[in-house]
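Once you scroll down, you'll see the structures, which are given as structure tokens.
Here come two complexes built around subunit A, the first alongside subunit B, the second alongside subunit C.
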Partner chain A sequence: MVELLPGVQSTASALTAERIRMDVIAQNIANINTTRGLDGKPYQRQRVVFQTILNQRLAADPGATPQPVRVARIEPDPRPPKLVYDPGHPDANAEGFVAFPDINLHQEMVDLIAASRAFEANLAVLKNARSMALQTLSIGKRT
Partner chain B sequence: MTVSSVIPPLTLRLAPEGGAAPVRPEPALSGGPTEPLRDVVPSFVPKPLPGAAPASEPFESVLDRLVGEVQARQTAAQEAVQGLLSGQGVPLHQAMIALEEAQVSFQLMVEVRNRLLEAYQELMRMQV
Partner chain C sequence: MISALFNQTTYVAAKKMLDATVLRHQAIASNLANLETPGYRRIDLAPSFQAHLQQALAAGDTHRLARLQPRLQVDPAATLGTRDGNTVSLESELTQLQENLIAHALETQLISSTLLRLRLAITGRPF
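== the complex of A and B ==
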């Protein structure tokens, strides 16, 4: 099928990638107090790594083809958990310390704002592509 | 050269895993400012007018394909919205993009129809 909206392929892939980034940030904020993750250990903060996709169909000249983006992987942040003294907690160790994930809420909020702004920027591209296409269709129109 | 061989088809899904990260080749710096611009995307070259010779494809079938394309996009948009609402994992923006493309292609079809009708009316008004 012919691509009617310019740049829609890259923009759509970026919107999907930013959505996944938002999902991961939401997961980090939600699990900020999780002391027992899926593996029994405290939750590890996750972060998203983006990667450019090579368009397989027109790979002969990569410089001349649109290069969409995707999430290459979601990898754990290697920061060690922070220990909080709370002897009454069910997950406290023998010394009475509880291991909480080392998640900085401020950092997560900044990431969240950055992700939502990046999403907005891609939406702006889409909006412009749409108005370009509709304006092109009005070539030669007798009002 | 057809347009569809130049422009890749719309792929909204993420590409499958694998494949090395693409490396964009460095532009050659030796050329200097007088070097002509590289033809990044093959530009549209209109064919010479066929004159009295019959066209390779009748205009009727071109119109038929156009309507079919619009229909396909409408169906794709409908499927995307249904996939979104039935929780099949279609993201909101993909459904909206599909709707947008359906609208633009429909608009294109309407414009083609308007031009055809204009030409016809112009002919009918001709004094004999």
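== the complex of A and C ==
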């Protein structure tokens, strides 16, 4: 199929990947105080790993090809939970300590801003692709 | 021959530059998509295209111009900005994106004006 918008594959893949990243950050922030997950353990902070996809259509072309991106995996952050002394908490252990997930709210917010900026940058690419395509379509018309 | 109408050096060059601009946009789209992919090396138009284009234009060689094929390559001049091996810089990519948009507008207008001038010469009417 003809690609009407140049580079739209890369841009669309990046928008999806960044949105997944924002979802994961939202999940981390939402579970900042979760002391008991489905497995009975405190919530583990998750993080995304990005990876390029080989562009099959252009792989035969010599030289570099545009590369879309995808979330390769969402992996748990191995940081151990932090222990807070709160003997009245239902999830407190024998010594009165509660294991909270070690999530730094500031770090998550910075990640969130970085993700939304990357999302905006890709939207700017899409806007430019659109105006380039419209301009190409107007070749031969009187302005 | 009717093809002689579309064989002017500048017209063929403008078409090739338009191809290159669209390819460059794909490269920038790919670079911005992989802004945070570890180990990604930024890609750009191969500099040999610019050199060949200038040579062919200087020689007025339309056939050579028509055979030119813009290609992408990994940018060897890009420096590592972060420790994860990624060489993309958000600001420079966004600047180049805008430059590329203006270059595209210039090239489409060049092609349009060539076609409109041809039409004027044929019909005698200015549209």
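The working rule: the second predicted complex is superposed on the first by the 136 of 143 C-alpha atoms of A that agree within 3 Å, B and C clash if a C-alpha of one lies under 4 Å from a C-alpha of the other, contacts with A are read in each partner's own complex, and residues count from 1 in each chain.
Going forward, a contact is a pair of C-beta atoms (placed from the backbone, for glycine too) under 8 Å apart; a residue touches a chain by one contact, two chains touch by 3 or more.
No experiment lies behind these values; they were computed from the predicted model shown.
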item: Partner chain(s) touched by A:Arg19 [first = subunit B, second = subunit C, both, neither]; value: first
item: Subunit B versus subunit C as contact partner of A:Val71, first or second or both or neither; value: first
item: First (subunit B), second (subunit C), both or neither touched by A:Leu54; value: first
item: First (subunit B), second (subunit C), both or neither touched by A:Val125; value: second
item: Touched partner set for A:Gly7, first subunit B, second subunit C, both or neither; value: second
item: Which of subunit B and subunit C A:Asn28 touches, first, second, both or neither; value: neither
item: Which of subunit B and subunit C A:Gln135 touches, first, second, both or neither; value: second
item: Touching both subunit B and subunit C, residues of subunit A; value: 8, 13, 51-52, 62-68, 141
item: List of subunit C residues in touch with subunit A within their complex; value: 18, 21-23, 25-30, 32-38, 40, 43, 46, 71-74, 90, 93-94, 97-98, 100-101, 104-105, 108-109, 111-112, 115-116, 127
item: Of subunit B, residues touching subunit A in the complex; value: 3-4, 7-12, 14-15, 19, 21-25, 27, 40-41, 69, 72-73, 91, 93-94, 97, 100-101, 104-105, 107-108, 111
item: Subunit A residues touching subunit C - in the complex, by the definition given at the top; value: 6-8, 10-11, 13-14, 17, 49-52, 61-69, 114, 117-118, 121-122, 124-125, 128-129, 131-132, 135-136, 138-143
item: Complex contacts: residues of subunit A adjacent to subunit B; value: 1-5, 8-9, 12-13, 15-16, 19, 51-58, 62-68, 70-71, 123, 126, 130, 133-134, 137, 141
